[in-house]
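Following: one structure in structure tokens, then a few remarks.
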Amino acid sequence: MSKRKLGRGVAVAGYGMSKFGVLPGLDCRDMFVDAFKDLVNSVDKGLDPKDVEANYVGCCGAWNWEAQAGIAKWCTDWANLVPIPSTTIDNACASASVAIRNGIIGIASGLYDVVLAGGVEKMTTLPTEGTTLVLATGADKTWECYAGYTFPGLYATMATAHMNEYGTTPEDLMAVAIKNHNNGAINPVAQMPNTITQIMEQRQARAREKGKPVPGWVTEMDFLHDDQYNPMVAWPLRLFDCCPITDGAACVLLVAEDIAKNFTDTPIYVTGTGQASGRALHSRDTLTSIPASQIAAKQAYEMAGVGPADIKIAEVHDCFTIAEVMAISDLGFFKPGKDAATAAAEGKTARDGIKPINTSGGLKCKGHPVGASGAGMIGEVFHQMRGEAGARQVPNMDVNLAMTHNVGAHGTTVVVQIYERR
Amino acid sequence: MSKRKLGRGVAVAGYGMSKFGVLPGLDCRDMFVDAFKDLVNSVDKGLDPKDVEANYVGCCGAWNWEAQAGIAKWCTDWANLVPIPSTTIDNACASASVAIRNGIIGIASGLYDVVLAGGVEKMTTLPTEGTTLVLATGADKTWECYAGYTFPGLYATMATAHMNEYGTTPEDLMAVAIKNHNNGAINPVAQMPNTITQIMEQRQARAREKGKPVPGWVTEMDFLHDDQYNPMVAWPLRLFDCCPITDGAACVLLVAEDIAKNFTDTPIYVTGTGQASGRALHSRDTLTSIPASQIAAKQAYEMAGVGPADIKIAEVHDCFTIAEVMAISDLGFFKPGKDAATAAAEGKTARDGIKPINTSGGLKCKGHPVGASGAGMIGEVFHQMRGEAGARQVPNMDVNLAMTHNVGAHGTTVVVQIYERR
Amino acid sequence: MSDMPFTATSFDKLCGEKKLMATRCKDCGKVELPPRPICTGCNSQNIEWTELNGKGKIVSFTVIGVGPWTMISEGYDRNNPYCSGIVEVEEGPRISTQIMGVDVANPENIKVGTPVTADFVERGSFSLVPEVANVRKTYLVFKAS
Amino acid sequence: MSDMPFTATSFDKLCGEKKLMATRCKDCGKVELPPRPICTGCNSQNIEWTELNGKGKIVSFTVIGVGPWTMISEGYDRNNPYCSGIVEVEEGPRISTQIMGVDVANPENIKVGTPVTADFVERGSFSLVPEVANVRKTYLVFKAS
């Protein structure tokens, strides 16, 4: 296979999102409408909804969480965009990125000029056990779930392998959570807008108020080692190694390159896109990297004509801390093993580090409404590349080239995309 | 919106399907593999699986019927096509057509040359009540299902409106079933390969064997009016107005026009594609046609540069008999009302009629594995256009231009595609 | 009520208070039932709640024997079918609804155009998942007068 | 057995007979567990069943407190967690499996490379839908020796 180019350039001209969090009373279409309204407001030169020609919506679990199939068409309807084609895509936690990639392809094909694409997820309708089970259906039900596997369990198995192969420590993983909380704490749209220190202090204050023994944590690592406050979810992963359960929707406005300036003076161009599939965990040659990430990244780099060193910032899939460690080596930013595992602890992936990763706070803090998360990632790079990230804006760096990396399930789908601001 | 053209031509070069029917012991990926194997065998000049670059799979209910989300990637895996991008699409009963349309768009964009696309559904794991409910989630759960609506109920409401507005009779609808059974009876891959007469005779013979009173039906209409043997499902629709519940998978091989002859000397070119969304039934201006069908058809006709009179044969969505009546007027083949309602009874849509419709036997007889049905439709036109339909080959007609029309849910998604043999 | 979002949850809550509420576009006046956050007439987001008088007429209908769980659990089955249909309310919009008080044993006797009035019933929900299915709520229905 | 399709259903049926069966490519010899209808080594469809000796070793693992329903219904929970992991069988391939007979209270004591042997247990199924969840079947598990 030779290098692939899209037949026509595509740009991101707008971004919108609903609240991310526990949103009682709002169903998928309600949240999608909130995201769509926010998107319309984000388009600098205005968007006439009548110009939108197609809607691609990622969603993983509405079939079970909401007893509603084919959610895209109801989102289209409630946004008053009928009769445009509406396509519901389920690629687990990469659903929104696959939806967006298909929107990009739709424009590249010449069929559309203006496409709405994103995702939505309503996850808090069931108790945690039910949500765990619905999420697990994204893995191989027959050959993984029957073995007792849950999503935290699958990533935990990769963490165990990483520790065994490279000497990675639980503290290396905790450092990823600390870094992402540092970013999320200054992200006004984050579900968990607090540093670990702030969370510690809140817990201590609450204990003090209730007249209970006040935990004597001094450092964030003290807190993260506390079995009561940071319990084991799937050994060796603890609660703070895991992203929260989130309701939310997010979407982007994709437009053909030649008309992008009609919508904004600062569009973000999609210069590379890659998508790959992976097998069940037990059928892979490695447990310490995600092969589909490497393949999707290679496709995106080749299409964009750039390499890992050229990427200024990246939003990568950190549903679990170990996922970020694997991502930053699979994407070529750090060497596999120790180099990747210690990048957060050494400040290399901080906002002021050599390769800022997940400046939004990542899925860990921003929240992970699974079908929508890939769109949320693009939101962060859209804002960073346009200098609109406020307190999170990375310092001393012109963010003219950025990447999103979205993993479906435990690596059975990966989408990598590269964006350029010209 | 001006007329749209695809940036690059696309052809169908192969077709495969699993058995359609009740297939105990086979899950979605098993059936998809059967369809894929059949597809590989169908490619005249051979297909090296390594040349397949993407897989789009439609599926409506695996989330509930099989507790497996994101089925595309597991189909890709079991067909040994990892790591190609795999996308799961849920647009209710139009899922396979939306999957195929996105495969077409993928090739048109320049990103792919060879794409596998189709669908799969495993519907017989639950009792009828459960299956009814899973299907209903394709409608508007909040505003239709809560009102007691099921899928037969929604189409029955359209039938009631059609009868009220145009004087359409139950016998007009029964004539559609009789015609489709006449076609399905000579389709070796049909789930119900029998004429109504054959079914009558089987039932009479069975009664005779068991020493029970033998029903005295003389005509097919006698049988179809028998409340015991053709019970009411949702008034005015009876059992034989409804398609069966079906397990099955089907897929097509899509290739770029410029390389189509590498695969076969008789590719079928996709010259028009249209897709539209529709609202819930109560929010439409009409109950006697499906607006999204008309819009999707207009797009497809404009892209192909042809009109209804040019189409030689069509596979249209006949999940219920009333659906075929509405389809053949929405697509412009017959006038709305009496003309469309009586077309089957008058033989106009028979194999030797002026506009043969559903020569395969339609969903009614071929079977309706909901997520796969759109691919099955293309199979029939593929065979008819290549003169490979055997006993079903339409007489005295060069089938060089054909159409597929696939409705998701009760018209919330419609895909119309036009094919040309050059 | 003025601060209730234009959602199904709000509508359900209002049904629980036996109020049949629609949304109304403050710009073009279009009344929407089901309620909507964006006007289908003019795309306005300038929406308010408005109470309906509960009167309407049957636009079309069916009689169903095998319904979803929410109906099965109420005792409806092949021998005890129910009528669902589309009702147009006097204020204009149409909604899907169960229609009570009609001759379900003889559907040919049910006439399009029959006047109906709103009523409310309480039932379980719509899902294969018991945690969701067992949540009870108030449903809008219509009754032939 | 030679005529059993290369499906999960066949594998389950064979588990019910306490047979741990894999598939083997007749062209290139590759053994596959889980069984597969198409060889991942050479794309051949020329496949046969082959019985495994049931011996393997732990490749990686985790210990889970909140499992899917199929585990919850067996009594596993935060206070009674279980170990799931990946086992490489002597014949080559790897499979996900529950691993019994390991120190789940002290996961740091569970070692990659520990030898295990196949065993079979009976349980309910994996679904939120009771009709599916309540179907019992025989599962392959591995036990630390």
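Residue numbering begins at 1 within each chain, and the chains themselves are lettered A, B, C and D in the order written.
Quick note on the criterion: a residue touches a chain if its C-beta (ideal position, glycine included) is under 8 Å from a C-beta of that chain, and two chains touch if they have at least 3 such contacts.
Because the structure is a prediction, the values reported are computed rather than measured.
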Contacts common to chain A and chain D (chain labels): B, C
Chain A and chain C: spacing of chain centres that average the CA atoms, whole Å: 38
Geometric centre distance via CA averages, chain D-chain C, whole Å: 49
Distance from chain B to chain A - Cα centre to Cα centre, in angstrom: 36
Contacts with two or more other chains, residues of chain A listed in rising order: 27, 64, 67, 126, 130, 134, 140-142, 145, 280, 283
Touching two or more other chains - residue numbers and ranges from chain C: 8, 40, 126-129
Graph class of chain-chain contacts, one of line, ring, star, complete, other: complete
Chain B partner contacts - residues on chain C that touch it in the complex: 8, 34, 40, 59-72, 76, 78, 82, 84-86, 93-98, 107, 112, 126-128, 139
Complex contact set, residues of chain C against chain A: 5, 7-10, 36-40, 43, 45, 125-129, 131-132
Residues on chain A engaged by chain C in the complex (per definition of touch): 24-27, 30, 33, 37, 49, 64, 67, 78-80, 125-127, 130
Complex contact set, residues of chain C against chain D: 128-130
Chain D partner contacts - residues on chain A that touch it in the complex: 64, 126, 128-130, 132-134, 136, 140-150, 152-153, 156-161, 164, 231-237, 280-283, 287
